[in-house]
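Dropping a structure here in structure tokens format, bear with me for questions.
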Amino acid sequence: MSSSEDRAVNAFREQIDGPIASYLSSCVHCGLCAHACLFYTETEDPRYTPINKVEPLRRVWKSEYTFFGKLASMLGLAKKVTDDLLKEWEPLIYDACTLCGRCSMVCPVGNDISYMIRKTREGMVAAGYAPDGLKGATQRAVTIGSPMGVKFPALQVQIHNVEKETGLRVPVDVHGADYMALLSSMEIMNFPEYIGALVKIFDKAGVSWTLCSEAFEATNSGMQIGSSDLEGELLQRVVDGAESLGVKYVISPECGHAYYALRWEGPNVLGKKYPFQVIHILELLDQLRLKGKLKVEDKVDEKLTFHDPCQIVRKGGVVEEPRSLLSLVASDFVEMEDAGVMNWCCGAGGGVSANERAQPLKLAAFKRKKSQLEALGVGTMVTACANCRINMEEGLEENNMQIEVIGLTETLADHLA
Amino acid sequence: MTRDTEQVRQPGICFGRDRGNDRPVLTELYHALQALKRCGKETVIDIKSLPFGSIDEQRLAEFLGKGEVEAVLHALGESRITETAFPGIWWIEHRNEHGEITAKSIEVAYIPGILKSQRDDVAAACRRLGSLVQLADPDGEPGSIET
Amino acid sequence: MGSALEQNLRAITIADRLRAEGISRRGFLKFCASTASLMALSPAMVPAIARALENARRPSVIWLSFQECTGCTESLTRSHSPSIENLILEQVSLDYHHTLQAASGEAAELAREMAMQENQGKYLLVVDGSIPVKDGGVYSTIAGITNVDMLNEVAAGAAAIIAVGSCAAFGGIGHARPNPTGAMPVSEIVTDKPIVNVSGCPPIPTVITGVLAHFLTFNKLPELDELGRPLTFFGQSIHDRCYRRPFYDKGLFAESFDDEGARKGWCLYRLGCKGPATYNACATTKWNQGTSFPIEAGHPCLGCAEPDFWDMGSFYRALSIPTEDTTRTLVYGVGTGAVLGAAAAAMARSRKSKAKALHYKVSVSDLEESS
Amino acid sequence: MTSVEFLAWVRGPMFQIAVAIFVVGVVIRLIEIFALGRKADLSKPRGGETMPGIKTIVRRSIPDPGTFKRSPFTIVLGYLFHIGLFITILFFVPHIELFHDVLGLQWPGLPTPLVDAVAIISIFAMLAILANRLRNPVLRFLSNGEDYLVWAATLLPLVTGYFAFHRMLFPYQTMLGLHILSVEILLILFPFTKLMHFFTSFIARWYNGAAFGRRGVQS
């Protein structure tokens, strides 16, 4: 298995399962998925039609997992997976897909296309066809511990600042705590107020929690680049940290793909069930609200809206919690068009934000969010994903739009009773 | 017990009701009559070639009714040529010596061709009459006979 | 002996004969109108028919009956105590018909041979019944001559052949599977003569006489369809001319012989009516002095005027039903598919587990930037 | 071959050959899908799989409003053609006789003029579908030979059936024979082409609904 083609084909063979076979058998080339994908709607380039992105995977399925395709390939009629194909498809699979899953919601025959693109990435990365930016981020995540190269000392500095600011202690490596909180390196570097918010809310609510010095990073570039091997390696650190501290719950931070990797892919990638439960911070906050442990003293008065992070809402199932929490803290909350499970991606998920090559495309895709926001005329947008947040700040600045983007957890913390 | 005769319907009569295979014929006759009026064009419809159930023909005949003329032709059996209640539409039935129908048609004409005396028969008649009254002149007009 | 007189009689035209019988021109026109109706020709054709009959001469006819049931002859002779048909028949000289003629034995065969000699190349040959050809044709012989031989011999001198009935036209019941006698239609044995197929089991008598009338009138055979049948009678299907057609169009069907629909005279398609695929004149010409025809009597059309109608599945199953047992094919298909599918699935699974065994573990070293 | 021999052949042996290829092929393909199966999901579910799976099977027949707004043409044509095709296949009385014979199941038919009108609508929808496929940039990009082949194979039974019913073009036996043959071509192509979506889309929808359902989202 020396050649890159062989590595890709073998990985595809491993990934193809019943659902994929049923999806690929069902596609009628109706083209409706194109209109669900913001990379198509904002560029009108038909190559970005979601189902087209799984072509390399489809070829292996067709020629190796169907009786008739096998016959055809014995006659030399099958289309083969070649380096040229993989090279041509790499930008379609990595630059023009955020794994947002919107196409999977509209396909009339029921194809879960984003599931297939995620599987296709396994073969791409095995063959070495992945964008440099994402390769670098993954490398840093595996070797240093964070895609942004953040190590524990850097976190310690932020903890120190938060403690000084809030006058509260940030628990680290507390054995037997109920909850172990994870962070994304973007939160550590760009939005440390998230850590402050956690301390304040948990202190008020009396939550027993801790950070783990061995496993504080929640993001998972391994999943974004599409390697289960590397994804598992990163997840194992979290599992080890949680097991060593003996916590009951691991809290996923306001970061979409981290939640998806930890909550939904993790046990399958590692091949075993967790000895703890994974909970998203918004789920936990909503539980506290229901128990009456989360109270606010005042509300945000200005008109605001909420951007649904794909991996948390559509693909994660945390749909109602952010809305309940917002109604607690905002007096003029408006939904944008297609809000909830059909919302449009910010354009930077699925590793696109780490992929410099995809920058122009990412900005083009942002036009969708721009027009959604313009239709609403809001001054503030709340979200619950550091990656969405940083991308939207960038996009808004590029488009000279005066809209403030804030995290939901901090907003709650700021108005805590 | 029974209120009316509906109970003992004859199959033919009861399914005649909604069949309506005679309707198109009436339309055709209307157009044929117009053509006759406009330019004297005559039309003949062979009734035996129409897809009629047992009731359709009867219904058509009843609809057309009987008019002022009814002629009987005696040649190779009896033929009945009847003008319907719609002048210009003639109902023609040819029968053989056994009284069985051999042809049946509707003719749209001022007078059906078969009613006219035929040239051959007129010639034969002329010869016969001529020999009876002993007029040698083959072109002699009947009017020239002196009484 | 009397053949000189006979020759003379044949020399005069049909119109002359009628005139000699004291029939007026009007009567002649009526005869022509009836003939047109008989031939299912448009009334507009009457003048042309009159003109043709002015000159038509009396042909000799030889009628050969082979592997048959005499139903065709019965149909013809027992039709309306023949009137116009009779007139037509009187205009032909039926020189040989082994059921109808008085002569028997050698005298009968002699009559046939004489008629053939005297009218060499001009006589009309009518055939009913199929011709068995298996084992040298021994399954049916007349006067020690096999049907095949007799057909070939008589056909050689014929001007044209009329194959009367589905047996002569298409092989009929003799030709039905498994066809033990190797029965064949006339058209498969005689290939160098014009043949008209008047199919039907039995054929409509007026259709037989209509074809004779056509030959008599125009001295040629009528226009034929691809199965050699006269278009004037076989140009439209039973369904096309059926008075129950409006029920088909409306979707009203009898579903059994004694249900509401059957009583109301609805379409018999579901009871197996083959009318849509059967070309014949029953629906307009009708049977028994024009009284009725099978569908009018409440029975589906069997399709008897079509080739191999015996082998087209049950008479009582709809035309849209395949003639073979599809359920069996379906069951065997599922079984075969399951076996092949299981084999294909086993191959796929082994391919997948082999791929898993060959799994290439992606490591950091694979993430070297490509540039 | 005369039209009668042709009709006898398509109603007889050819129909069985077509049905055999269809059944064997479809069964192979379905077994292939089910045999590949899916690994047990070890993540802790938020919701069930079965009910959301069933719901998705139903819901995917109804487009979400946003998608409808963006491609109304594709969706309306798709609806017209699919519904029309099902009505003509399932509710034309001669077809019901066929199903009754093969499957032993029977149901009431629809009035023939209605089926006739529906067939016309389906035929025009099919023509519009082709125009759409040739005109729309995404569809043109995605389409391959198979798409056009399947389009033609689906249209032919409709057109030949329409002609046969109205006794157009050829004598009825020939036209009926062509109609049955076109259906046989469709049956034969079925397991080798995207026509399989007739069966597999239900499986696909179920898998999709189940995958989203266990994460707490109704897809």
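We call the chains A, B, C and D, going by the order they appear; numbering starts again at 1 in every chain.
We adopt the following convention: contacts are C-beta pairs under 8 Å (C-beta built on N, C-alpha and C of every residue); 3 or more make two chains touch, one makes a residue touch a chain.
Small disclaimer: the values here were computed from a predicted structure and weren't measured.
Across C-D and A-D, the chain pair carrying more C-beta contacts is A-D. For the pair subunit B and subunit D, the distance between C-alpha centroids works out to 58 Å. Subunit C and subunit D have Cα centroids separated by 39 Å.
Inter-chain spacing, taken between the CA centroids of subunit A and subunit D, is 37 Å.
With centres set at the average Cα position, the gap from subunit A to subunit C is 76 Å.
Touching of two or more other chains is recorded for residues 16, 65-67 of subunit A. Residue positions of subunit C touching 2 or more other chains: 240, 340-341, 344, 348, 352. Annotation for subunit D: residues touching 2 or more other chains are 25, 28-29, 32, 34-36.
Under the touch rule stated earlier, the contacting chain pairs are A-C, A-D, B-C, C-D. Partner subunit C is touched in their complex by these residues of subunit D: 2-5, 7-8, 11-13, 15-16, 19-20, 22-32, 34-36, 93-95, 97-98, 101-104, 109-115, 167, 171-173, 176. By the touch rule above, subunit C contacts subunit B in their complex via residues 23-27, 29-31, 33-34, 36-38, 40, 42-44, 80-81, 83-84, 240-246, 263-265, 283-285, 289-290, 292, 296.
Contact residues on subunit A toward subunit D in their complex (touch as defined above): 16-23, 25-32, 34-36, 40-41, 44, 46-47, 49, 51-52, 65-68, 104-112, 115, 263-268, 271-274, 277-278, 314-319, 337-338, 341-342. Residues 11, 14-15, 19-21, 44-46, 48-54, 56, 73, 75-77, 79, 94, 96-98, 100-105, 107, 113-114, 117-121 of subunit B touch subunit C in their complex.
The touching residues of subunit D, when paired with subunit A in their complex, are 25, 28-29, 32-39, 41-44, 46-47, 56-57, 60-61, 63-64, 66-67, 70-71, 74-75, 78, 136-144, 147, 191-192, 194, 196-197, 200-209, 211-212, 215-219.
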